[in-house]
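As written, the chains take the letters A, B, C and D, and residue 1 is the first residue of each chain.
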Amino acid sequence: MTRKALKLVTIGGGSSYTPELIEGYIKRKEQLPIKEIWLVDIPEGQKKLNIVGAMAKRMVKAAGLDWDIHLTLDRRAALKDADFVSTQFRVGLLEARVKDERIPGSYGLLGQETNGAGGIFKAFRTVPVILDIVKDMKELCPNAWLINFTNPSGMITEAIQQYGKWDKVIGLCNVPVMAMINEPKTIGKKLQDLTYKFAGIDHFHWHRVWDKTGKEVTMDIIDQMYSGKDAGLPTNIFDVQFFREQLNQMKMIPCGYHRYYYRQVEMLDHSLEEFNNNATRAQQVMKIEHELFTLYQDPDLNYKPKQLAERGGAHYSDAACEAIASIYADKKTHMVVSTLNRGAVPDLPTDHVVEVSAQIGAAGAIPMAFGHFQPAERGWLQLMKNMELVIDEAAVTGDYGLAIQAFAMNPLIPSGQNAKDLLDEMLVANKRYLPQFATKIAELEKNGVKVHDKVAATIDDQMGVV
Amino acid sequence: MTRKALKLVTIGGGSSYTPELIEGYIKRKEQLPIKEIWLVDIPEGQKKLNIVGAMAKRMVKAAGLDWDIHLTLDRRAALKDADFVSTQFRVGLLEARVKDERIPGSYGLLGQETNGAGGIFKAFRTVPVILDIVKDMKELCPNAWLINFTNPSGMITEAIQQYGKWDKVIGLCNVPVMAMINEPKTIGKKLQDLTYKFAGIDHFHWHRVWDKTGKEVTMDIIDQMYSGKDAGLPTNIFDVQFFREQLNQMKMIPCGYHRYYYRQVEMLDHSLEEFNNNATRAQQVMKIEHELFTLYQDPDLNYKPKQLAERGGAHYSDAACEAIASIYADKKTHMVVSTLNRGAVPDLPTDHVVEVSAQIGAAGAIPMAFGHFQPAERGWLQLMKNMELVIDEAAVTGDYGLAIQAFAMNPLIPSGQNAKDLLDEMLVANKRYLPQFATKIAELEKNGVKVHDKVAATIDDQMGVV
Amino acid sequence: MTRKALKLVTIGGGSSYTPELIEGYIKRKEQLPIKEIWLVDIPEGQKKLNIVGAMAKRMVKAAGLDWDIHLTLDRRAALKDADFVSTQFRVGLLEARVKDERIPGSYGLLGQETNGAGGIFKAFRTVPVILDIVKDMKELCPNAWLINFTNPSGMITEAIQQYGKWDKVIGLCNVPVMAMINEPKTIGKKLQDLTYKFAGIDHFHWHRVWDKTGKEVTMDIIDQMYSGKDAGLPTNIFDVQFFREQLNQMKMIPCGYHRYYYRQVEMLDHSLEEFNNNATRAQQVMKIEHELFTLYQDPDLNYKPKQLAERGGAHYSDAACEAIASIYADKKTHMVVSTLNRGAVPDLPTDHVVEVSAQIGAAGAIPMAFGHFQPAERGWLQLMKNMELVIDEAAVTGDYGLAIQAFAMNPLIPSGQNAKDLLDEMLVANKRYLPQFATKIAELEKNGVKVHDKVAATIDDQMGVV
Amino acid sequence: MTRKALKLVTIGGGSSYTPELIEGYIKRKEQLPIKEIWLVDIPEGQKKLNIVGAMAKRMVKAAGLDWDIHLTLDRRAALKDADFVSTQFRVGLLEARVKDERIPGSYGLLGQETNGAGGIFKAFRTVPVILDIVKDMKELCPNAWLINFTNPSGMITEAIQQYGKWDKVIGLCNVPVMAMINEPKTIGKKLQDLTYKFAGIDHFHWHRVWDKTGKEVTMDIIDQMYSGKDAGLPTNIFDVQFFREQLNQMKMIPCGYHRYYYRQVEMLDHSLEEFNNNATRAQQVMKIEHELFTLYQDPDLNYKPKQLAERGGAHYSDAACEAIASIYADKKTHMVVSTLNRGAVPDLPTDHVVEVSAQIGAAGAIPMAFGHFQPAERGWLQLMKNMELVIDEAAVTGDYGLAIQAFAMNPLIPSGQNAKDLLDEMLVANKRYLPQFATKIAELEKNGVKVHDKVAATIDDQMGVV
């Protein structure tokens, strides 16, 4: 049986990460009989799309491949008969990220892309768009797989499943990837000689590790983390150490993002220090992006430049390629993905999305059963997963009461009037991308809610960097 | 069949609440064939025990009853062949409460008896004592019922069940009692014409209400709460309103203590304001206590003085009497109690303690099934119940890592070095009552951890009031 | 507040049980401000309806009440603005019961109304009709309560909830009623001095009992059952004793119908003996019915004749009246009803119907949490509840594969070709009442499946008795 | 790191299957650095042990390997410092199997080794012995893995976990192995090009299959089964087809043993036919065994003879070797094993043993989450798993009431006096191997219960074959 050559589509194709994606495909050329790659973007992204698209073509050509690279603003044309659709877009572009960081900061709160108020609003903006994409896919490519690495990846994957009713989706995150790249080195092992078991939800999971004699080496890795070795913390996360006594009790390795919850004060202080220095992550990202696109414009550059690794999302795109290759070529690879629980994490409902070690192959993701957590991790996890459900429901319905509930549940947003004011200002600030909240936003604006001048000024200022 | 006359025992009998307890027994004299009431206390409480014990005798005499009131420091003599044992003691007396309030306050954190760091340490101090009482009961009165209203009531009841392996226990709280006294009036109804369904855990539950036509009146009561009517908030809780939009989404009435979680910032600000004014709740309580014991010394006083109602724990003792009468006389009363879940709150494990509407009768507490919560309340509840389990396990084992975990989980204690320093200082400050943590405390002291001078001074100062 | 006078409707009003219902209403005249009682039947039941309706009028008149008794074949007119609708109809009349008993008997299998193949077909016939009634109720009396005592009561209540999406329903059964009438006497107690906890599903539940000193008396009642005392076994169940050693291990009282499962062979032998003597239960019922209707025709009879108690369904109608009065007058009565689980029976899903001790009042049925069963009962219960779900789904969809699955799961139908032949013959025999299976039945008939002559003859013969 | 050479121990080493085991080790000589193989048996098995042991030595020698083969009756000497212990013993030898088949047959019931009364008694006899082995292992080889393929494999593995508190155990069965060998051929595929997902419990599981394009091919395989292709039914199971309509609804492939439950009557008829012909499976097995041991005595035979494949347990021993190699060499193989659920089968408790697709490697078995079953399979599975728990508890405690409960739950034993009489006779017949039931058996014998003469005669007769 000969199978048709593949049509791969990337929504948000103008991203600076695209070279990693292309490199990932090239690396797997034996496994993936690619015919066409469609890079889709929106009008605001056209310029970047052209630059990065041209570079993608150079990369493919340099690899001696005859793949067709299509650059387009016509999403529906791209989706038509697609085999795999990957999503790496950012609704509202980096300006939205600046807002996610600056506005909470102005309330004395954490400004971060996937945690705290910023994470909630990123979901509010992204869920309607992804559901629209799913709607198109049902019509145009009903057999395609959707590989999502748009953040907040877990909530987006949950929305695709629960509200989009689309089962052929895998959500990806680079945090487990980076842990599995770096941790083995700390104990002088290779990844293939270890067994990893991850469980939790996106950006809120834990893992345990065994070596090939069957000995659990989780605490050995933790020992090395405390002796200063790099265990794969994404570069966008400020590095404050977990309390050793807490990890000794936990006997698992928390993910990098757990810092926001286990060392809340230090992470907030760091965030506010950046805020006060007008030096938020979005700004750094814009600077890196600017440098990257300058590089990409070099007509002689036909490989992924090493500078790309400095972006926090390194390895995301490669993970997407690996997921696509694992499904297409039935590789039965171990990956850590967002997928339906099905019992693998028995402390959470079976019919919701978790992030968990899974076998990825032609039959999709088969999650590996992790068993119960101890009470401390169980309580955290149940809070956070339910918060995800509240956020997704608010994102779909535009229910303002749910938005308050989500803010109140979020451990990084102390509840009260300050939080509610922040919610209101962020609703207004993100007005363009929140049609579901239109009525409420209109009411808020009528009542005088607006983006405070000082914040607005810094946002403009920051955006001027580009 | 004639049943033997009852021996009732109260541990912490020197409490200022004892007159409410005695009044409660007198009110139920037809249902309860009492022979002896034993009021037990510790040497430090002897003076109060004598005062309140004398008053109890006057009350009983004035009621024309021949009950024997025994005042004793010999707990084992009291427990021998007891029928009902109620517990209302405070390990460490009010000085411990002062510490629970002042030390967190000095870290900029909420100082409160059952929430935040104070609540955790109250559990740490109380669990070993209650388990010791249970041990005595197994030997001396293996058929007795234990009616616990020592706070944190839910965690103490959980410890009695899980670690004490004692099933005949009912945990009580006055919060639901006060809601059921006050809310009906707000909508012009009588309690007996309403159906209440409570579910959650102690100090963290929600309820719904129906009238006798079957109409749900939950939102009507909420309407009245916002129009300024008293819905039974305990006097020790600062009254800041819930966000109306949040309650509209929730469609349930949260308990008064939810303020600490839904209006965290305002509650903290209020607490810190009191802290800065050296005007903590413990101090108010000591003042009220001082006045009460002055009153109780009046040899002509033979009834519960109205001033007792100002204590936050009003109705606790009456609820204990009602529970005792309901069990003894098989009244099949509706009460809201801490008891084994058995499925009534399906979002929590079946074999742990919840606080829930139950039928109280000779067969004990039969909880009424509440069904699932919506995600927002489910997430909160699962976090808080698991935190209780972590606290209880830390209280039993003295595991310092678990204590850090409990602090980190607590939504009112932002995690980080500040929280850890607070934990350490509170361990040292409560040294006398924390034998389970002795090794860790010795290590901390060796490392120079101590109660800061300024805090120590205010504690002394506050205690000097008495 | 004055509430409107009540309109009560009974579907299947021509039943011989109607006098018990009327008597039940009369007994509760103080609690129920009845204005109209509508007795509804189908054309085939007109004659009985007239007889029993006339008698109902005499009963009401003799009680000095001015209630309007309406006799009608127009169900929609009856349902219009009804407050309570009770259902006691039998689709296919007694002829269907004869088939349920005779056809399985001819295959050497149990012929019984609610167990085995008969019970499955009773559900197949009844579910479409009850869903049709619910559809009418949504239009004509959307606020009414539906009190179902049409058998198989649990499956019908489940179908009303799951497929009818109608929440205001309570399913009733007389088995718990009879246990609670008779068991207390066996140990010299009164019901009000005992606490009963029932849990399971309709015709498949267990219970435990406590006296008013808190002592569990379950085993005392079991002792008395073995000493020959009547513990309330419905008269339609052959009385073979449970194995004492089994009950000693179980430490609960199984319901009468458990005989079919714990003494399968003896119950089958008895059934086959009746079958061979052409003396099935349906025949006895027809005989009793014939006598009853003869009595009812006596224009001087204006009270429920004692002979009615011989019908197996005694106390059903009274239980319906009690449920109606408990809801209307918010009596907060303890009743054992089929209602949504909500966690009360944690071994079964929360969102399906169980039969359980509940508090019945204005807010409906609030089930009492029973906690986990031991493995033996848990396994049985999970099998039987899932079988109910399969039967209901087959009844709604007409899926033949599901019908085979239901037959195979049923512990009283040994699976195999014999069972499949029985299924096929019963499908054809019940053709008139099984529109959902029409296509399959047509196919079966085309393949020559028919009611075997000998069986057909006995059915005719039995029906001729009337 | 050099790891020590392996000591492998097989309890029941005199089994006729041992050549398959040795062949399995030889096949994996590259993966397994074997130093010693200990074959352990009991005095009654000495003769067979000598024969098969000599053959094992010839096989190893022919393969050019220097492994030490130890033959011993000293189990403790064998267990000392073992790395892997596999169990393939039969308590009571084939005589017990004859009883398991003949005695139920004499009651008109299925006589089969792992289903019905025979399966229950096999567990009763085996559980005490396996727990004794585990006790020795805790002392003598606390780090060893236990690979159990003694039947009933699931219940034995459960007992090892729950009562033995031994986690390093994997239970094996050849049923999934044979399905995965044969089914791919029916659809013209290779196993490595398919994805299998199995879930359930031992001898009662279902599976689904996907091809490497992601298409589910479960129904394609079923199609082929009905067109007469061999799908791997073990040779000891009579081949009656499942009802096609039932499988169409199920959309999964049941295991071969499901025949006993889905075609109960035909399987019983076949069993009784064999019984009446004195031609039970045990007899066939004895005949095959006789032939095999005759072959094994040939001093020139140094390879596994093809006749061994006729035994129903073919592939069991090879699966054990594969499990050992997968653990030792961290192969991360897909195998279907009995292991702790951990959520993989969310319809069963997380902390009990299931049989499920798992990844086998150095960290043991990691089960793959299957998700919920539909109601029909869920009900069956929950019944059967709970029956296993009842059987194991009876096997450990010797509680006669539990034995009755187990018999009553078993779908292949119609409950009632006949079943109880069978239970009693089998208790007496197995007296020597049931110390836990000693008191009850003594009581039964006193009451005249004994193995009926006719059965006793056939047992003697059958045993005389050897």
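Things worth noting here:
We adopt the following convention: contacts are C-beta pairs under 8 Å (C-beta built on N, C-alpha and C of every residue); 3 or more make two chains touch, one makes a residue touch a chain.
Remember, predicted model here, so these are calculated numbers, not experimental data.
Looking at the partners of subunit A and subunit D together, they share no chain.
Most remote from subunit B, judged by the distance between CA-atom centroids, is D.
Averaged C-alpha coordinates give centres for subunit B and subunit C that are 47 Å from one another.
Computed from the mean C-alpha positions, the centre of subunit A lies at a distance of 44 Å from the centre of subunit B. Taking the mean of the C-alpha atoms as each chain's centre, subunit A and subunit C sit 55 Å apart.
Subunit C has no residue in contact with two or more other chains. Chains touching one another form the pairs A-B, A-D, B-C, C-D. Partner subunit C is touched in their complex by these residues of subunit B: 1, 3, 193, 195, 197, 210-214, 216, 327, 329-330, 332, 334, 340-346, 350, 357, 359, 361-364, 366-372. By the touch rule above, subunit B contacts subunit A in their complex via residues 243, 245-250, 261-268, 375-376, 378-380, 382-387, 389-390, 393, 399-402, 404-406, 408-409, 411, 414-420.
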